[in-house]
């Protein structure tokens, strides 16, 4: 069953057609990768999916409900979580607090409850903290809990961001270049990690440049070029697709 | 963690009592007047601190909300409805206890709105205006937000200054006392000075407890995340628009409450309370208090307002606040007290964690 | 934490630096808007007081006691005036307070002075300050209503019945506007246009155009800010030739200089300070006015203004009352002395106080002046 | 009579408009090179006027004006060097607060130096009551002076930014500071230069409008609010648009007096600004897409 279905979606910026009539779907429990040369519209596609941009036309259906007109926080509340290509951690907050914010969608204490410090919010805070710590444990960064998030190394920041995205128990995770700026060993760790996340039952959609990582973990690969879909298939089939080789791999090698 | 939050509150209460006893012992009970006025200004400033330091939204128009509170209460409680006694609406309100008959200073009798009812109206009005103005204004960022809030403040100022009912440039005087319980009232009467001092500081303490609770709750975390990276906060499911708006409204209500009580305490209000320079002062106090530190803001508010109200800065009052803004923003944008306190809190937290790690 | 400690230290020093009382001195407080939007009032008032107190003390004080002056700059904020009034009364235990400069501030502290049984000699103009009478509250500037009546009387002589009124959005402008509105019907004057402009206005051509459109026979402008010079310039620039009446706020030669040729012929009521030199020698005020003018201008190298005169009068009234009441008199005795004071010659006029009149000035306090060749001169009757 | 009145209001509007426009241009120059809104811009106008009046005491008028402009330019440069130059990537909030602080300090400094008195320069031509009459509509020659100076400033800026090396380097700085720095443009000096330039323009404005409006230590903040309104109304960073917006605002204000009490004139112009911010923050003439790319 398709968890996410994208139908004929388009987005134009002034004279630039960033995404043109793209359709695809993501199976529940799978890992799907979006690849394409620079400027192919991958990040725009992510921004459309997560509600940061409104599509000019087309529909995005998640869990059977249209979400393309919703704002980012509503989409996040429905269990579709994301990370950013350029890490966007919350400054002046510890790593743990960053992850705890990720739990926002699964908690409900509001202004009044917060100000009055109602007893039930204590339990909720406890639950948020424990869940955040267990995720950090899962990602191997629990020692960093009290460090200032923006003072961490690049790889550690990526991990915090991932923990934050997972903290809301999403059904689906959008990862925007999770291996960018990582060395080979870290990239390999990341690949394993993404597989483990999938094994938790979370569907993953990832934009990535690193071909080895994509081929290693994805169940399906979507290829974009100049905003258009040119292939959507299993990794091996995509690798053999002459069109893809021409626009993407060919250029990449050259 | 939960108990540690109350130690500073107890310290605050202790300090409030201690200062009163010291002024009593030192024969300087008159200091309490300025300390009481400072308390009300502190109420605005800690609300602004929540907005600026935690939600990261600047407001250069907070004196406007103070003025809305103060002027609404002043107008309603000095309004004379005696001539309309027969009007059914007026009669009904009088019956409901909303209106109250009292004597003015020269023995004439007045029928005006009861201070409690006026207070409710004033706070509700600030609440509604903050809501109405907050929705569009908080969509703006950076210079645009600064300019829009400045514009709001300017509009309130020119309305106050241009309207006869608000006393134009003279403001409103002979505002009656605000009755509390047991015959005690908020007023400048020197026999009630000590009680007024305690009432004002009790109000600040309650507000501090509420705000401290808030910032260490889920909402506080969400606010700081908005400050840190607004789009990422949205992607984590934080309804940034609603949280910013609620914070704006909360701080506006605090400013209006301060306006109501200070107006009754002073027995009047003038347009200087709505001026842009006042709003800038509040921003200066938040800045010097450390932007994100309620305690720093509280301490600096008391110190600066107290000194200013006692005239220590003489004719350089505005210059002092201008200088503070520049020096703090140039050399210590995180504030002076804020950084110190945070480091201290950090140390305590680390210490506790080490202990708990050991016990595990 | 070092900084915290520093602050604590600073506060302790500040709190303990309570003023040391010099035994026999008489303490006089002053709450004046030395800076801020009403500084044109407060600054000359403060200078005048400093000068006078220096003079009095040089002569050995009053009844052997020196005067100790405590000036507080309120910046025209009522909330500060309140704080300062309480401070002066309870802490400094002053004998009397001179000021505040503006009506709003005076009204804010009227009750405080009453409650503290401390003399308040206000330098603000509005009638509400002394009507209803508060026991301890007096004021020295002339009544706005007297200025308005003098203007209306002059209009009658000139056959003017239809006027346009402009005023600024300050306490001064507001008070004048109210009196004009109130008194116009009694004097058979019809107000065709009535506009309030911003005190910081930079050009008033549009407002003036509105007046021009109404075809008035004369314009009355009531303000105390630079805008009043802008008004008359704009009136003449738009080609209107009708007489322009200004308030006593025009009594500052700086505005005449600023308005230049446009100021010629402007008519306004004012105290006689501005025309001291040309007064007849028989005028009882002449000596007082010249003495004040000379010493002020020599000391501060700037033109004297009528506002400083209000503080001068306040101090003189206090000085006379203290002298008359004798050494060691209490506040109550001095208060009664002022209430019964007659014929005190001041800069604003001749003060005749009574228990019902805490201003003591009458219509005669104003002289109708006009501008001729860039100078103030008495209007030819 | 109707048309005469109509044009009289129009002239009044033009007078307000030029003043607002010149202040608005000053905002834009600094905004363009630095991304900073300089809240102390109104103080440059005040400084220019006050200095010129002082110099006029012993210099002929043209020299006094030139001297005042030069002195204010030096002040502008100094302010940038002392307060702004050495900040590393300051946040917008921090810059707003710093420039507000600078504005307060300059104002209070001026109060100390010049006192609270009101001053003005003499009319450049004619005197206080001379007016040109155009079919019943009258306007002071000084209004023509200020419109003329405004036009000359705009022309000069256009030539400067388009046709001189220095101007082009400043524009490069505005487009992308990091890239400009990579190309060897001394970006820090460009920022200083922008402060010098906008201080000079403000001071010139202060001199030209001083006979009309007078000058006093406290006029800066009021002018700054109007100038800022105009800059935003036109679209931040666009000087030509600021001029157009200045005239629009001036004329709107002037005609608002025709129908409404003048006491609320300022409230009306600010309300226009707020409405603009809410509906179309890119300004009347701004480009919406370009707007979104600006990094706030």
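In this document, chain identifiers A, B, C and D correspond to the written order of the chains, with residue numbering beginning at 1 in each.
The rule we apply is simple: contacts are C-beta pairs under 8 Å (C-beta built on N, C-alpha and C of every residue); 3 or more make two chains touch, one makes a residue touch a chain.
Keep in mind that what you see is a predicted model, and the values were worked out from it rather than measured.
When chain centres are set by their Cα atoms, the one at the greatest distance from subunit D is A. With centres defined as mean CA coordinates, subunit C is found 72 Å away from subunit A.
Computed centre separation for the pair subunit B/subunit C is 35 angstrom, with centres defined by C-alpha atoms.
Distance from the subunit A centre to the subunit B centre is 42 Å, each centre being the mean of its Cα atoms. Rounded to whole angstrom, the centroid-to-centroid distance between subunit A and subunit D, based on C-alpha atoms, equals 47 Å.
Touching two or more other chains at once is no residue of subunit A. Chain contacts: subunit B has residues 158, 161-162, 318 touching two or more partner chains.
For subunit C, residues that reach two or more other chains under the stated contact definition are 35, 169, 196, 198.
Those chain pairs judged to touch are A-B, B-C, B-D, C-D.
Within the complex formed with subunit B, the residues of subunit D that make contact are 37, 83, 87, 90-94, 96-98, 100-105, 107-109, 221, 225, 228-229, 232, 236, 261, 263-264, 266-267, 270-271, 273-274, 277-278, 281, 296.
On subunit B, the positions that touch subunit C within their shared complex are 28, 30-31, 33-34, 37, 105-106, 158, 161-162, 164, 167-171, 173-174, 188-190, 262, 266-273, 299, 303, 307-312, 314-315, 317-318, 336-337, 340, 344. For subunit D in complex with subunit C, the residues that touch the partner chain are 1, 5, 8-9, 11-13, 15-16, 19, 111, 115-120, 122-123, 127-131, 133, 138-140, 209, 212-214, 216, 218-219, 222-223, 253-255, 257-258, 261-263, 265-266. On the side of subunit B, the complex with subunit D involves touching residues 52, 56, 58, 60, 136-137, 139-144, 146-148, 150-152, 154-155, 158-159, 161-163, 276-277, 280, 283-284, 287, 316, 318-319, 321-326, 329-330, 333.
Note for the complex: subunit A touches subunit B at residues 50-52, 71-73, 76-77, 81-82, 84, 88-93, 97-98, 100-102, 104-105, 107-111, 113-117, 121-122, 124-125, 128, 146, 164-165, 168.
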